[in-house]
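Presented below is the structure to which this report refers.
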Amino acid sequence: MKIGFVGLGSMGSAMAPHLLKAGEPLLVHNRTKSKADALVADGARFAETPGEAASGEVVITMLADDAAVEDAVFGEGGILKALPKGATHISMSTISVALAKRLAAAHAEAGQEFVSAPVFGRPDAAAAGKLFIVAAGPAEVLDLCQSIFETLGQRTFFVGEEAFKANLIKLSGNFLIASTIESFAEAFALVEKAGIDRHAFLELLTETLFTAPIHKTYGGLIADERYEPAGFAARLGHKDMALTLEAAKDLKVPMGFANHIAERYLTLMAAGEGDIDWSGLGRLAKSDAGDDAPLAPKK
Amino acid sequence: MKIGFVGLGSMGSAMAPHLLKAGEPLLVHNRTKSKADALVADGARFAETPGEAASGEVVITMLADDAAVEDAVFGEGGILKALPKGATHISMSTISVALAKRLAAAHAEAGQEFVSAPVFGRPDAAAAGKLFIVAAGPAEVLDLCQSIFETLGQRTFFVGEEAFKANLIKLSGNFLIASTIESFAEAFALVEKAGIDRHAFLELLTETLFTAPIHKTYGGLIADERYEPAGFAARLGHKDMALTLEAAKDLKVPMGFANHIAERYLTLMAAGEGDIDWSGLGRLAKSDAGDDAPLAPKK
Amino acid sequence: MKIGFVGLGSMGSAMAPHLLKAGEPLLVHNRTKSKADALVADGARFAETPGEAASGEVVITMLADDAAVEDAVFGEGGILKALPKGATHISMSTISVALAKRLAAAHAEAGQEFVSAPVFGRPDAAAAGKLFIVAAGPAEVLDLCQSIFETLGQRTFFVGEEAFKANLIKLSGNFLIASTIESFAEAFALVEKAGIDRHAFLELLTETLFTAPIHKTYGGLIADERYEPAGFAARLGHKDMALTLEAAKDLKVPMGFANHIAERYLTLMAAGEGDIDWSGLGRLAKSDAGDDAPLAPKK
Amino acid sequence: MKIGFVGLGSMGSAMAPHLLKAGEPLLVHNRTKSKADALVADGARFAETPGEAASGEVVITMLADDAAVEDAVFGEGGILKALPKGATHISMSTISVALAKRLAAAHAEAGQEFVSAPVFGRPDAAAAGKLFIVAAGPAEVLDLCQSIFETLGQRTFFVGEEAFKANLIKLSGNFLIASTIESFAEAFALVEKAGIDRHAFLELLTETLFTAPIHKTYGGLIADERYEPAGFAARLGHKDMALTLEAAKDLKVPMGFANHIAERYLTLMAAGEGDIDWSGLGRLAKSDAGDDAPLAPKK
């Protein structure tokens, strides 16, 4: 199978190497060409445009946001014009529900297939082939993509024929993570101000009822107040809450927590802290509780 | 050791039997006497007042709320007047931080010892001796209580010399559970309105990142929309959020999530749904998303 | 001066007649042509496209939302291609800050002038020439528009050279009105549930500290529970809060009240009540307080 | 009529002089005796206890909060024991609904009359006899109090036989003022960050739709950023929101705005700014929007 891979950011560059083993050379594209060097050294071929990467049976996109995906698909030298009839675009980026719907419609009109397959997992999970993949699209196309998903992830969940459903679930998952972060942020600010040790509190939580990976990961970052460098930036957390709320608006579903979280991220960004980790809501909660240290050093 | 146990509600009556084995007969008290029948049949002695139950080295209270504890301690025939000097009152109820401070002060003034030891776990965990206990009080007194804690729970966390800290941690834990409930409530309302199956969504969550007992328990109740009978009633969820916010007010810690949850529980109660399970925020989120079914049948 | 007027909805059709008196016949355009009949009978000339209406020195647009304005300006037969160099587009619609910026840039590139001049006032104020106009644009162009503003409104506020500022102020004003509505909604739900008469409460408010027109107008609607027919629909209130929040997001300004109001309007819309008046937050507050009557009759 | 007046703070000391003119010497009491000196010089008689001030037909209390009123009524040397049967206690303080109910019940049991008559207006209005009075109590007792109300205020609103209703209305009014403050705080932060002049914005608002005294007063303070000295402190604003929410909880009325405002005041207080004016929410909104200046100078 001839596969193209567009987007070699921290996630894409950890995922693409898994696809090198296939017989056909992997086509890779990235706006900054140098990021493809290692892959090319290992046998991939550089494609000058997203469209050029889309000349085989499958093209995968793993890009930063809606704008990047729109550009790669609808822009000059884009995927939409280049992808052969019957070939498949697998979109693995975290994008809006609205864009997923637009992509599905545009590819259908062009006689192409479209699958949404966003992932849960950080770059280290991607490098280890341990991602969780949430996939939606026409059943027979998903079957064809199965081997790709098995290469990239530890488990794939098929959630329906309509591609956008995978994106909505991905956004909902990020919303649930951010909710966990904000709830921990508030609880840690509360107990610390009462003189309780942050790490003793964390241990108590994670050894009783709050034993999930997200509790340990984000609870650990918040207990340590280790918000830099960011694994996933606060401003991206804000972006995902905004996408969630956009979908919720279209579906007419009020989401008080999502609203509140979005506002908290915006406050962090206004303070110049958009680049710290999204667990940095812990810093904001502590600051609002009267902590001495200012948020960002003010100019 | 001569032990008294006051409060044979659903939690207390599951805990007290574990204390029967000790040499001295267990003194038990409950406002409704008949609830003590089974324990008396097994060798306990009924005490006519909380004070009578407090005639030994240790008296344990496990009551519904602040008012019940105040009555048992400060009321006529209460514990404060009856407890011998040097003896210990272990308060295991979920009470306010303010009352814990008041109890600590009152017992100290009376030359008695006071320990806060609230628990995490439902009645089935209590019956199995599997509670998690959060204990705070003077170190040497906690040592004496150790065997009692080992009898009642699977693990005890000692969180300091000041009793109120255990209560604050218990309230914070309930706040974190309620946050999990509300976040799931919103996410399920969202995905369901987009046509995604609730149980497929739950499976995806609990087999990837959301693997803690609270995710499975409350996620399950929300996916099933099984809000009756209540394991823990919505109005008690509201009470605990109110206690959390009261402590947060005194400590000057803004808690946006806690505020929002309290408001949601109040909306449930205003709709006549205060007696459904506290996971019933799932019903409210679905109703606010335009679900046809009314909340409670209106009178 | 040759003037075109695009958009004969409830506001536009009340404004346009004031412009008939000028020497040159007024050019009028509306998607549904029949709405222009009365004006044509009074001497206006019908323009088949927005572009045709833009053949003179000034074209005014008064349309429902961003999409309608984008269509009239950038669409086929649109204003951008038709408006002569040096001529002026006065946008009086309530549109987004982002679109105002885009319009300013597009007209500048085309050698045309652009002025934002949204208004405060309902159709009856428009008919009476009593609108308040908030205008922003290049100083010399505003001077030229002065006589038009004097014809349409009782007072014009000039708020700077950058057109978008007028739009931001208009949105902020609508946010302040919606805040007044929500605060009254909550207060009326509270006092009524305590057995206090709604109208006695309103009289007390409006004869003491809350004497502004918005207090009397919206307080009256809420006291009377007179939410239909809508003067301005709840879904439009939601749209304006969304535009406000979009601007706030771009400027990085957290707005807790605006967030909350947007969520309340969304809840109304989810209940099928998007078409009642935007003061209908009063109905929602009463319903959430446990009022017997359901929100909308469910299908 | 023999009248006693208890509480000579900034409000009480501006109100009491109006009552000097009556035939009988006014009995005045204040914890700090020196505050009564001027009144005594003008003919009043100092009462050593609240009870001593309650020896006539009417005793008026104008105190800081629930605790002060409870002390003056139920404490040693208090009003309850001293007030003659059939005499009337007029409570003009801003107190909780719960305390008003308790006072009504206690006085009734003692064969005394009780009237709640809280006021709207600052000390300057009190000094000018221009207060608005909200009165509730038994009709025939209100009749007797009528001349006192006429002496102290420009207008009295009678809102029913149950005293607590006057208190609920007073709290609702303060909630509506605080809502106005928060909405202005957010709007000013928004427009200022877009480069719009605060005073130009204020003028536009107060000369169009927002013409009430509260708009001018609080809009002026926020536009000027003149938060010190406090006319009414932020921590008192917080106290009144807490009392409102307490009443709303008892009545089961969700109030999202009130919740949000309470949280904002708490944030101000956590930052050490509890003593600035309650319009200081303007400072917080600006700070959260990324303003350079820190809130309070941190230690």
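Order of writing sets the labels: A, B, C and D. Residues in every chain begin at 1.
Simple rule for what comes next: a residue touches a chain if its C-beta (ideal position, glycine included) is under 8 Å from a C-beta of that chain, and two chains touch if they have at least 3 such contacts.
None of the values given here were measured: they were computed from a predicted structure.
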item	value
Copies chain C and chain D - rotation angle from C-alpha fit, nearest 5 degrees	180
Averaged-CA centre spacing for the pair chain C and chain A, given as whole angstrom	38
Inter-centroid spacing, chain D versus chain B (mean Cα positions, whole Å)	38
Interchain centroid distance [CA atoms averaged], chain A/chain D, Å	52
Shared-contact residues (touching 2 or more other chains) in chain D	248, 252-256, 260, 264, 267, 270, 288-290
Touch-based graph of the chains, sorted into line, ring, star, complete or other	complete
Interfacial residue positions of chain A with respect to chain C in the complex	242, 248-249, 252-256, 259-260, 262-264, 266-267, 269-270
Partner chain A, residues of chain B touching it in the complex	97, 120, 132, 134, 155, 157, 159-160, 162, 164-165, 168-169, 172-173, 175-177, 179-180, 182-184, 186-187, 189-191, 193-196, 200-201, 203-205, 207-215, 244, 247-248, 251-258, 260, 264, 285, 288-290
Of all residues in chain B, those that touch chain C in their complex	267, 270-272, 288-290, 292, 294, 298-299
